Amino acid sequence: MPHLALEYSANLEGKADIAALCRELHAAVMASGLFELGAVRVRAFAAPHYAVADLDPRNAFIDMSFRVGQGRTAVDLRSAGELIFAAATKHCAKLLAEPHFALSLEVREINSELSWKKNAIHPRLRGQ
Amino acid sequence: MPHLALEYSANLEGKADIAALCRELHAAVMASGLFELGAVRVRAFAAPHYAVADLDPRNAFIDMSFRVGQGRTAVDLRSAGELIFAAATKHCAKLLAEPHFALSLEVREINSELSWKKNAIHPRLRGQ
Amino acid sequence: MPHLALEYSANLEGKADIAALCRELHAAVMASGLFELGAVRVRAFAAPHYAVADLDPRNAFIDMSFRVGQGRTAVDLRSAGELIFAAATKHCAKLLAEPHFALSLEVREINSELSWKKNAIHPRLRGQ
């Protein structure tokens, strides 16, 4: 944790730089001040098949799911969500200027009683 | 919202028309009467690696996750789920007639307090 | 149900045998004694785009999501999670020995009121 996973329609390939977006969202997650660098995992998956709105072939979407460990306040979670969504909105400004694009974000807590993790990156970064 | 995401075993490529299934599920979502056209986002992701049931290489699955905004009644959510699952069942009739296929659907609400969205498609379709 | 879905950074291709991992996790799910063989669906999705920790290109992750039907005790769910995570940890021992890898698992219940399923595999395996 935290885990930020993006799903997007494959017609965005060539219209959006998803690798760059992942890095910008990573920076937004860190800017919240709530998370440890070694734990941040942003990733994106293209959907080759999709059916969006009125099925215009130009229709496209990016849907983001941010999952975090329990224990943060609602205010903190909303603040992190705002930062992430603002970074995505900035990256997608051109797409949002066309009438064929939808952007979304859901934040969700992971039940710590039903969560397991091993992170070999933490010792390296904590030791710096 | 609403978001309908499918995960399926890659051995269905060539045995099922997943793009057509996405369009049929989109029609089922709209048939519920609960959602706005501009908001519907159906998509599908093939899993290249999988291990299903007794590991027979013919084993395959489609698992659907439908996420919607808060505020609808349980009756409405169940009704939308029924329509979506009926459409999927119809599309998968041949697959379900063989003893190697499993189909599933989960419906889940998105916490509106932890949800963000920008939809540039709405103004175009609302204006029609 | 049960559904075990893995997301992993695509740089693990060639470093990890994800197909073998799926089979080993399938065995762990069955070893819990809580699930019926015909229902087990393990699958894995590679993320071609990602941004992990300090963005070192060697950084990699596997994140597992295990979704099960309602009705099991918290003790049973934790026990199944332990078995799955132990199997993943064993498979990833070499990766975890390097300071560039993170492994995680979340277990979550599916609301049975908002769940639909048809399983054509069950009759075949139950009849054996």
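Think of it as A, B and C in the order they're written, each chain with its own count starting at 1.
Just so it is clear, contacts are C-beta pairs under 8 Å (C-beta built on N, C-alpha and C of every residue); 3 or more make two chains touch, one makes a residue touch a chain.
Here the structure is a predicted model, which is why all the values come from computation and not from measurement.
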| item | value |
| --- | --- |
| Angle, in degrees to the nearest 5, of the Cα rotation that carries chain A onto chain C | 120 |
| Homomeric contact chain A-chain B: same or different residue positions, threshold half | different |
| Chain centre separation (chain A, chain B; CA means) in Å | 21 |
| Per-residue multi-chain contacts in chain B, two or more chains | 45 |
| Partner chain C, residues of chain B touching it in the complex | 7, 9, 45, 47-55, 59, 61, 63, 74, 77-78, 81-82, 85, 89, 95-108 |
| In the complex with chain C, residue positions of chain A that touch it | 1, 3, 5, 18-19, 21-23, 25-26, 37-46, 67, 110-111, 113-121, 123-125 |
